[in-house]
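So that you can tell them apart, the chains are marked A, B, C and D in the order they are listed, and the count of residues begins at 1 in each.
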Amino acid sequence: MQFLSDNAAPVHPKVWEAMSAADTTDAPYDGDALSAQLDEAMGALFGRECAALWVATGTAANCLALGPMCPPHGGVVCHREAHIEMDEGGAPGFYLHGAKLLLAVGEHAKLTPESIAAVIDPIRDDVHQVQPHAISITQASESGCCYRPGELAAIGALAQERRLKLHMDGARFGNAAAFLGEGAASAAGADHVDALSFGFVKNGGMNAEAVVFFDPAMADQARYRRKRAGHLQSKGRFLAAQILAMLEDNLWLDNAAAANAAACALGDAAGHRLLHPVEANEVFLRCTADERDTLRAKGFGFYDWGADAARFVSAWNADQAAARQLADAIADL
Amino acid sequence: MQFLSDNAAPVHPKVWEAMSAADTTDAPYDGDALSAQLDEAMGALFGRECAALWVATGTAANCLALGPMCPPHGGVVCHREAHIEMDEGGAPGFYLHGAKLLLAVGEHAKLTPESIAAVIDPIRDDVHQVQPHAISITQASESGCCYRPGELAAIGALAQERRLKLHMDGARFGNAAAFLGEGAASAAGADHVDALSFGFVKNGGMNAEAVVFFDPAMADQARYRRKRAGHLQSKGRFLAAQILAMLEDNLWLDNAAAANAAACALGDAAGHRLLHPVEANEVFLRCTADERDTLRAKGFGFYDWGADAARFVSAWNADQAAARQLADAIADL
Amino acid sequence: MQFLSDNAAPVHPKVWEAMSAADTTDAPYDGDALSAQLDEAMGALFGRECAALWVATGTAANCLALGPMCPPHGGVVCHREAHIEMDEGGAPGFYLHGAKLLLAVGEHAKLTPESIAAVIDPIRDDVHQVQPHAISITQASESGCCYRPGELAAIGALAQERRLKLHMDGARFGNAAAFLGEGAASAAGADHVDALSFGFVKNGGMNAEAVVFFDPAMADQARYRRKRAGHLQSKGRFLAAQILAMLEDNLWLDNAAAANAAACALGDAAGHRLLHPVEANEVFLRCTADERDTLRAKGFGFYDWGADAARFVSAWNADQAAARQLADAIADL
Amino acid sequence: MQFLSDNAAPVHPKVWEAMSAADTTDAPYDGDALSAQLDEAMGALFGRECAALWVATGTAANCLALGPMCPPHGGVVCHREAHIEMDEGGAPGFYLHGAKLLLAVGEHAKLTPESIAAVIDPIRDDVHQVQPHAISITQASESGCCYRPGELAAIGALAQERRLKLHMDGARFGNAAAFLGEGAASAAGADHVDALSFGFVKNGGMNAEAVVFFDPAMADQARYRRKRAGHLQSKGRFLAAQILAMLEDNLWLDNAAAANAAACALGDAAGHRLLHPVEANEVFLRCTADERDTLRAKGFGFYDWGADAARFVSAWNADQAAARQLADAIADL
């Protein structure tokens, strides 16, 4: 009964099927028939022209999305708990050739126009200070919380006013879309966001994520950078197949909804112990070391989150009965 | 009857089996049980202590292998037709932070101590010129030719004398080892080479290559750089599974031998038309545009190689009968 | 009566003399007789073997000093108000190839072992997080305050324990040494620090700073990087001449003492208005916009420092009478 | 009687005068009155709107000029003997973040439309190969030869057709302009070239070169990059002063003409021994080791140029009598 990480979950059977079906001789790299369908498939999902590139990891997706947005001498505003700042081994510094992450704060690991302005307003407009060129937000956030459409619009308005590009890290985009319930374009803020890292690996995929450019012109540079970063796989059809399988019949949404349901059960039981509202598939619970021991003694796996909390993550294959057991155990603490 | 590229071939059934077997919940990244076996499996194959990292592409493998060998202000000697120079979209410039490829010549796309010396001897030992720090050779070469053990030893001696690190790009290492017939360590020049990019994708894998450090201390830096380049996949067990499957019962050697056999049949038929001896799974054939039309009219697929030649590549799943047909068609030209 | 910046001050006559004397034909780059004296001159000053490189700016000095200390995938701990973080246009990101500045806090823009530990202790020792490789401190700090020998020793002990290199940004090192009064080696913490950016431009020089490596082996890499960054001037003798002139008869200390004296006069008058103790040549004064208007109406030039403060900087050529007038004006506020 | 390098020559008295006159308190960096005159002064010289930045070295000038022309994943065509390829310690790789120099050939170290096309035509238009984005030519070339206006127009036409930017390395631009005799704009090919590195250090300056953008929009990015590279000197007025002094009354042309005259005398004496026509201030002479000994025994200093040649460089302060003596000695060989 593991609630450690959605990274560790198995691959969905439909994804396996699609990969098997792709196992024919086809053109290498992204010249195959499946890769050729990505732009259209994403275009249909988001209701606008898209350019979509597969890539193996979320870190690469984020960096390739940000590449066309920020020159080496520029900066990207992100939350100080953002994955690109905390957990990607300095990848943005590498891919963006030393560009700087400009760290903002905000409740539940979400940015607001105010918290962004608090970072960029004091920057003097001269060559001595790194100028902001883009904003990166995470949907769902590192605290498992979702930007509402109005919040996205407000950040988008600020970005437009300040002439900043806007990126969305959607490692758990499916979970956010499932929670928000108003479709992919709404959850992505596609009217405001320039590029989305659309994650599938945590949601039933094996090793394929998509970089979706809502401004297709940005994709040209990203294609060169993908190759240059060693991310243009020669049998790319197996990545395209995964993504197409996830999109078909909204498997991505169904998987995310299942994970969210399990997290929701935990959240309901946790009550005032919650550090953040449960709006995706992560639950952050205030609890003592003793209480964590109690839960582990009952067979539940999860990560400590600092000294006084625990993080539980549910995956697409969440055992809802196990989640209810854990919910009961939490309620009994 | 395609002889276009070994990149386009299907995935070997044993690889599929191993990937399926890996589809359990396990620790993310390279913390899983399969990834943990790589060092030992490579150590057994090469008869020495190894540190091995999986990575999705040959380009990334080459760059991660070279990373610990050359500082940003240094240079790497390679053949001017080497893949790292010609076909990786400038990836070494990216991964090595602007380090320079120092281009040498040599018959059949192979370097020799003399051709290497011809590049590095004129470099003045001062800060105005980029100093060589490493040599990269390709086994089998871009012309499908193999370094013999004595040739590797001679280059290794030069490298040692000049205090240069030595890298081997083994995108088709299996084909070379199958041709040379004296085992993995011999084909890799493991007594002389510091790191090998051990390719599996062209040889029946899906999307897993190995960087094998014969100097395990080098691997520590490479681990950080792999993450920083977005190449640390969260479900890394599926890459480890592919590599272990390829090593088991020497599947890698058997697959390569099958590909080589097909190429050999073509080579025998080609006679004096050959641009290079056939020592792996590539055949470079002098032929006119008319002759290429003739072959294509008979249903054979292949690439033009400049105006006056064609390249045929056979894969692990080569249809030996088709190869004989093509051999006959070549003989009939 | 300008107290805007020590960057804007003239060049000391002794520096002009030395530059004129250097205007003979000599070997280019750093092959000249003057450049050859730098190591020894710095060795004599600091009482240990040194390797010293001239360079035109403090930004370049800091970056060349940090270069050998931190790999591209690593991090450098510095104060969040440090010049390398706030005022160098992202130069460390450029020179260190995307390495990261890890921002610590501390009163008066000074780090402490505790504030450093607060940054590095939470960093997990894995590839997902950027690992610290070095610490950079500023003597005198951005708030014009000095590290005492004991404070340097404590930070040095932490650096040694954690195996971190230690850099000192000494853009106003002269001012610090003049304040501390116990010699260059003591002010530099030369027993603990690996490299010092020794500033002269703010202290009477024209365009020469020195990078002083107390670990001479580090200088080799820095020499290549200096050339690679376009900082190896072909008539380097004019930079060496400036530095040697500043060292001769302790001109650097005398100039700094003169600047400090003027700042000290202001500080004495400022009393409880001071934001930071005056320990070098900068005075940070709490005052209203009206009060600033009053001072400017009397002919004094200075920068606003946020909404509620002002910064006064005195230079080597400070007019002590003007400083006393300003001190009186401050006392009258 | 040194003919080793124009880098080693003294500073012209007019440059000293201008630097002395600049030694007042003024705004730091490039906010001073002299720096503010550069755009207009260059505009007057070249007869068009210009944006000009001072920088301390030719290497930095070249790299800052190329910066806005080529993205990190692109390439710059240059002669394989170009300074940026051979003598700048890999600076373009650093400043351009790993972009690649694409090496072309050509007599007398000059490119032609044909030699450029020979490099770029074989490049496949796909992500696997580094695409050309710019061309860099050197006026006068590394062999001391000059592009005629028609040659510049032809290269400019190719650049425009292929949508490549065009850079001119003018480390010895003065010598070229003095030889060509038709004014600065003509020598610079200002109708075709996007940016010129205008060298002064070899021609009587101390440590100031200018990057002149004939497309002023390019300068904005270069300003950020200059700071980021640590090349924004805080007392920039001393660099601006040098450049303005060199431009005043065409001192740059007069100095160059004096150097050229001395080289011309040598060239006339050298006759069939010349490796390249003498069109600037460099003379490349075929001669044996014995002959070089003979010349050195007579007191002449110069560099060997490979085993069978010598290079003589004259500077702005060339002693014409000494040049005639050397000419006689060469004639006597």
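In this section, a residue touches a chain if its C-beta (ideal position, glycine included) is under 8 Å from a C-beta of that chain, and two chains touch if they have at least 3 such contacts.
Being a predicted model, the structure only gives us computed values, none of them experimental.
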Exercise for the section: Using the touch definition from the top, list the chains contacting both chain A and chain D. Expected result: B, C
Practice task
Report which interface contains more C-beta contacts, comparing B-C against C-D.
Solution key: C-D
Practice task
Name the chain whose C-alpha centroid is farthest from the C-alpha centroid of chain A.
Solution key: D
Problem - chain B and chain D, separation of their C-alpha mean positions in angstrom - result: 42
Practice task
Let me have the rounded angstrom distance from the C-alpha centre of chain C over to the C-alpha centre of chain D, please.
Solution key: 34
Handout entry: Between chain C and chain B, distance of the C-alpha-averaged centres to the nearest whole Å
Key = 50
Fill in the blank from the handout: The positions of chain A in contact with two or more other chains are 72-73, 88-90, 93-94, 97, 127-128, 224, 227-228, 232
Exercise for the section: Please categorise the chain-chain contact pattern as a line, ring, star, complete graph or other. Expected result: complete
Handout entry: chain C to chain D touching residues, read off their complex
Key = 2, 5, 7-11, 16, 20, 23-29, 55-61, 63, 88-91, 93-95, 201-202, 206-207, 224, 227-235, 238-239
Problem - Touching residues on chain C, where the partner in the complex is chain A - result: 72-73, 75, 86-90, 92-94, 96-100, 127-130
Completion exercise
Touching chain C in the complex, chain B uses residues 71-73, 97, 127-128, 131, 221, 223-228, 232
